[in-house]
Amino acid sequence: MLYFVNDYAEGAHERILDRLKETNLESTSGYGTDPYCASAARKIRESCGCPSADVYFLTGGTQTNQLVIDTMLASYEGVVTADTGHINGHEAGAIEFCGHKVLGLPHKEGKLPADALQRYMEDHYADENHSHMVFPGMAYISHPTEYGTLYTRQELADLSAVCREWKIPLYLDGARLGYGLACPESDVELSDIARYCDAFYIGGTKVGALCGEALVFTKENTPRQFVTLIKQHGALLAKGRLLGIQFDVLFTDGLYLENGRHALEMAELLRRAFEEKGYPFYLRTPTNQIFIVLENAQMEELRKRVDFSFWERLDDRHTVVRFVTSWATKESAVRELIAIL
Amino acid sequence: MLYFVNDYAEGAHERILDRLKETNLESTSGYGTDPYCASAARKIRESCGCPSADVYFLTGGTQTNQLVIDTMLASYEGVVTADTGHINGHEAGAIEFCGHKVLGLPHKEGKLPADALQRYMEDHYADENHSHMVFPGMAYISHPTEYGTLYTRQELADLSAVCREWKIPLYLDGARLGYGLACPESDVELSDIARYCDAFYIGGTKVGALCGEALVFTKENTPRQFVTLIKQHGALLAKGRLLGIQFDVLFTDGLYLENGRHALEMAELLRRAFEEKGYPFYLRTPTNQIFIVLENAQMEELRKRVDFSFWERLDDRHTVVRFVTSWATKESAVRELIAIL
Amino acid sequence: MLYFVNDYAEGAHERILDRLKETNLESTSGYGTDPYCASAARKIRESCGCPSADVYFLTGGTQTNQLVIDTMLASYEGVVTADTGHINGHEAGAIEFCGHKVLGLPHKEGKLPADALQRYMEDHYADENHSHMVFPGMAYISHPTEYGTLYTRQELADLSAVCREWKIPLYLDGARLGYGLACPESDVELSDIARYCDAFYIGGTKVGALCGEALVFTKENTPRQFVTLIKQHGALLAKGRLLGIQFDVLFTDGLYLENGRHALEMAELLRRAFEEKGYPFYLRTPTNQIFIVLENAQMEELRKRVDFSFWERLDDRHTVVRFVTSWATKESAVRELIAIL
Amino acid sequence: MLYFVNDYAEGAHERILDRLKETNLESTSGYGTDPYCASAARKIRESCGCPSADVYFLTGGTQTNQLVIDTMLASYEGVVTADTGHINGHEAGAIEFCGHKVLGLPHKEGKLPADALQRYMEDHYADENHSHMVFPGMAYISHPTEYGTLYTRQELADLSAVCREWKIPLYLDGARLGYGLACPESDVELSDIARYCDAFYIGGTKVGALCGEALVFTKENTPRQFVTLIKQHGALLAKGRLLGIQFDVLFTDGLYLENGRHALEMAELLRRAFEEKGYPFYLRTPTNQIFIVLENAQMEELRKRVDFSFWERLDDRHTVVRFVTSWATKESAVRELIAIL
C-alpha cells in the first residue's frame, strides 16, 4: 500500500536515531537543562540570526500552541486567527480549555490578511461596549498554513506592523515550517520569521523527528517562570535530552532544510503528474500538501492501492482529497503512484 | 563524576533503541492507532490479568496525573492524597490548573492510610455544610511512594474497600512502578494493582524508556471521548508509535521487571554499604531511592565526586540527601561510590 | 433627558420593594433554602406546567449562562449558537473562561435555524477527524434574540427535535423573556418553552427586578451537586431570599407578564410613530427593542435630548441605533420622544 | 424560635430599603457606572484615607475572593492562607476552579502568623526544585478570621512587611469587617487596613446589606481591564446601582460602624451570660461569633428553642457550637436566650 496520508507516519531521520544511540548512556540532568538542549538552542538562535532568542523544546504542536497562547495572553484576551487556523478547528478546544476565545476572521487561501486584522482591531476598540467583549490579544498564523500555502515576506512584515501598532504579539505555528523554508518560491527565511514574529515554533514531529517542537521567543518576551508554566500545563519532559538531541541533529549540517527540500521535490514530481494527467486541483499550493478533486468513484478505486486523506466533500459527486509527501517519502513510491494515476 | 541523582538521567534500554531503528521506516497511522500501540496494550492487559482494560500511552507523569484526575473527577470534586503526594507538592499546580483541589491527609511513611481516608469521607458527608466544600472524589496514591516506600497487598485492598464503599475511584501513580514490582519484599503484583485500582499508570520514563507512561483503566471506566480529552489537554502525541514501540519492548521477555530488578540490586549493594559504614538512614525504603542523613560538611565533601539529590534540611548541621539507582546504573559506579564513602 | 437606552436602568417594580420591606426582619436560612425561594419556585413550576422542574435563582445573565453551559456540557463539548448569540460576542469570554468553545453558526434574524443545527451535527459526526474537534454538546438560543426577534412554537419544536435526535440539550436564555411572552404576535408560552427546552432562565433583571434570573431545569436533568457548582462558580448568594422574594412577587397576579406587556405597548406606540414619520427600520422586531437607521447628523441632533443606544455603523453616513422600552417606561416619556422625532 | 445562626438571616438595614425606594425610578447607566456607585466609592476612599483607591462592588464574598485571587495572581502562583481560611475549606473549591492552589499554613487562633509566612517564602525559594512547585504569590487573611479573632495593627504591619519583602500582595477578606472595626479591643482602623493591605473588601452582606461587597485596591494596582475580568467571571451586575446605593447608605453617617457596634454589644451581653452561667468557651473571641462547648444532650435540649450553628464535634459527648449576633439582633431576643440558658 502506498502511503501519502501525512508527514508523520514514519519514525525519524536515521541521523537522529544514530545520535540517540551514541549518547544513550551519558547521564544528563533533566527537564531541558542538559547540554544537548543547550547546543540545539544555540544552533537555532544562530539559524534565526537572533542571539537573544529563548528556545524551549516541547513534544507536540497542540501542546505548544496551547502553552504559548495561554501564557502570552492576559486572561481577558483571545487569539485572532484565520477561521481555517488549526487552533480553531482541529485542536479539540485546547485553547478554550485554558480559558481563551479563538477569534476567527475570514481566511484568504488559509492566510490571515493584515488588513482584516487591522480592521478587526479598529472595530474592537471603536465599540462602546468593547469592555464586555474578548480583547484581541495575539495574532496566530501558521506557515505553511492549513492549506499548505505560504506567507510572503511582505505579508509577514505587514502583519507584524499591525501587531506592533496594537501592541499584540504575532505568533507563528511552524508545525510544517521545514516545508515552508525549503520552498524555492518562498522569500521567507528563518531570520525573517524571527524578525517579524514575537514567538514561533519550529516543527520537528512532521519534519523528521520522533517528536518535538522548538519554541522560540524572539523579543526577550518569554513569559515569567516559563519552566513552571510548562510543568503546570503537563508539558515538561523529564528526559528533555530526547528533544534536545533531535533538534541538535536537525540543525546540524542543514538537515532540517534538507528534510524539507526532499519532501518538496517529491511533491513537485507528483504535482506535475497530476497536472499532466489533467486532475483538477482544489487549490494550488507550493509545499508538501497537494489538494486534488476526485470523482467519488475514482476516489474509491484509487483508495484500494493508495492511502491518502479525505479533505472535504465538494459536491455530491466530487471529493477533495489530499496527498502529502514528507522527508521520508521514497521517490520509488511517488513513481509507483504516478503510474497508477 | 558519579551519578546517583535520579532514574531518568540516561536514554533508554538499548533494546528499545534497536526496535525504534528496526521499525523506523514503516508507515503507520498516527495518534496511537498504530499496531505497536495495539501490541503493547495487549501485552499490558495480559500482564495485568485484565483482558478488558483500556490502555493509553502518554509522554510524562505530570501529564498523566493531570489528565486522569481531571477527567475522572466531576467539576465539584477534588482528589485525596497523602500530603506528601507528588501531585500535592511537585507538579507546579497542574491539578489545580484543571480546576481541582488536592486534599492532603497526613501521610504515614509517604502512604495514604485507609483508615484516614475512611474518616475523611465520613467527616465530609457528616458535615452539615459539606455542599459548600470540595467533595472528595478520588483517592490518589503512588507505588512506590514519594519516599520510596511500598503499599502491601492488604493496604491496597483496604484502600480499595474504602473507595468502593464511597464510590470513588482509586488511582495509582506508578511513575516508578517497575521498582516496586521488582522488590522482593513486596507482595504486590501488577494483577493486584489492576484488581484494586480503578486506574493506574505504568511508568516508562523512569524505568528505561526515552519517555512514556502507560495509562490503564481497569473497570470499563474510561472517561467518554478520551482521545478528544487527551488532545484537549495538549497530550496527544502525533507519532503515538514512539510510545507503543517502547512499551511493546518493555513488556516483551520481562524487560520492564528486569529493569526494575537491576536497579534494586544496585540499591541493595549501596544500602548495605551505607549500613556497614554507619551512615544514618532518614527512612528505610525497599526500593531504588536511599535517604541518608549527612553532616553538612560531609555532604559538601562528597558532592565534589558524586552527584546526588538534596532532599531537605534536617537541622542546622544535617541534611537529608537521596541516592537513586536505576535500570542504567553500572555496578562499577556503585562500587566506586562505596569506595568513596 | 429622555431615556431609551436599555431595560435595566431603573430599580424594581414597586411591589417588589414593598415586599422586601414587609419581610425585611424575618430571619430565614441562607443560600436559597428559605421559604420565599420555595414559594417562587412553586409558582414558576406552575406557570411552566412542569411540576417536576428544578428552579434555582441567580443574580445575573452572564453568570447564569456561564454556569448552565459549563455544568451541562462535558469537558470535550462546546455550545452551538447563532453567531450573533449573546454568549458569542458580549460576555467577555465567560463561556471560554470555563473551558468551552462557542460554536457560532450563521444566524437568521438573530435566530439559530433548526436545519443549520441539523447539518452541523451531521457534518461533525461524519468528519473522520471529529475526535480532534470540539463536540457540539448543547444548542443555545435566546428568546427574544439579540435582535429582539422571537422564535415561533414550530421553530422551537424543530430545534428541540434536532437536539433530541442528537441527544444534546436545548438551552434558552430568557434575559428578556417577559418581553417575548407578552408579545401578542407570538404563539410561544412558558409551557412551550418548558416542554421544548431542557433548561432555560426567566430573566428578572431586565423585566422589573433589582437583579435576578430564575433558572429552570425541566427534564429532571439538574447537574449533580448543583448547589456546590453554583458556589464554586462564585454565584451562590448568601441571602438567597433577595432573589426568592422578587420572583415570588413577579409570579404573583401575573406581574411578570404585566411588566412585559407594558413595555410592548410603549414600544408599539413608538414604533408606529417612527413608521408614520418615515424613519427607516433596520430590522422589524415585535418586542421592546426598536432598531432605526439614522443619518449621522440627525443622530447627533437627537442625542442632545434623548439617550438611546448606538448599535452599529451602517455606512459612512448612516448609523443603526436602538430604542428600548421597559416595564418602567412612562407613556409621557414616549409621547415626549415622539414629539421630538 | 430564637435565631443566632448567622449574620445574614435578615434583609437589610431599613435606611437601605428606604433609599432604594427613593431612588427607584431614576434612570441610571449600568454596570457600576452610575452616580451611586461613584458616591459610595468616594465615601469609602475617604473612610480609608486612601484618595487613590479603586473601588468595585460585587455581590458576594466567594465571588470577590475568587475574582481578586485569580486576577492578582500569575498563572503559576497560589495563595497562602491559614489552613482554617475560608478559601481553603468552605468555598467549594472556587479558588482552584480558577486554576490556583491554596497553600495552607498552620493557623494560630485562625490567624496567619507573619513569621510562618516568612519561613514559607524562604523555604520556597531555597528549594532547588521550586520551579516545579506552585509559587506563593499572595497572602490571604480575613479580619475577623473564621474564628472571629482579630489581627492587631502590629500583626498587620508585620504581615505587610513580609509581603513587601517578597513582593507579593496582602489581601484581606472583610466579609465581617464591620464587626472587626467596631470592636473596642481592636486597634485596627479602616485606614490601617488600607495602608497595610494591597487589596481588601468591605463586607456588606453580613453587615446589613441585602447583598454586596466593596472591593478596594489601595496601591494603584487594579488588574488591567478589571471590568472585563469581572464580566468574564460572571460577576458583573447589570444594575450596579443596587450595590452602589447600599454602600452609599452604609457609609453615610457611620451606619456601617453602627451596625457593627450593635452586633458587638449584643454579643457582649450574651458572652457575659455564658460566662456567668459557667458555660465553657471553646475559644475567646472579641467579635460577633461566640463559640461554646455544650454537652450533646444539653445541645439537643437547647436546639428546641434556639437556632444556632453546629461548629464541630469536640469529643464523643461534647460539641462546639456557635452563636452569632448581627446588626439585626434584637436585645429582647438576647435576653430571652439568656433566660433559657
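Here are some notes:
Residue numbering begins at 1 within each chain, and the chains themselves are lettered A, B, C and D in the order written.
The working rule: a residue touches a chain if its C-beta (ideal position, glycine included) is under 8 Å from a C-beta of that chain, and two chains touch if they have at least 3 such contacts.
Please read all numbers here as calculations on a predicted model, not as lab measurements.
Among the remaining chains, D is positioned farthest from chain A, on the basis of C-alpha centroids.
Looking at B-C and C-D side by side, the one with more C-beta contacts is C-D. In whole angstrom, the spacing between the mean C-alpha positions of chain B and chain D is 42. Measuring from the averaged C-alpha position of chain B to that of chain C gives a distance of 50 Å. Between chain C and chain D, the centres computed from C-alpha atoms are 33 Å apart.
Under the contact definition stated at the top, the residues of chain D that touch 2 or more other chains are 75-76, 91-93, 97, 131-133, 228-229, 231-232. Taken in their complex, chain D has these residues touching chain A: 70-71, 74-76, 131-133, 135, 224-225, 227-229, 231-232. For chain C in complex with chain A, the residues that touch the partner chain are 75-76, 78, 89-93, 96-102, 128-129, 131-134, 310. Only residues 3, 5-6, 8-12, 14, 17, 20-21, 23-30, 59-63, 66-67, 91-94, 97, 205-206, 210-211, 228-229, 231-239, 241-242, 307, 328 of chain B touch chain A when the two sit together in their complex.
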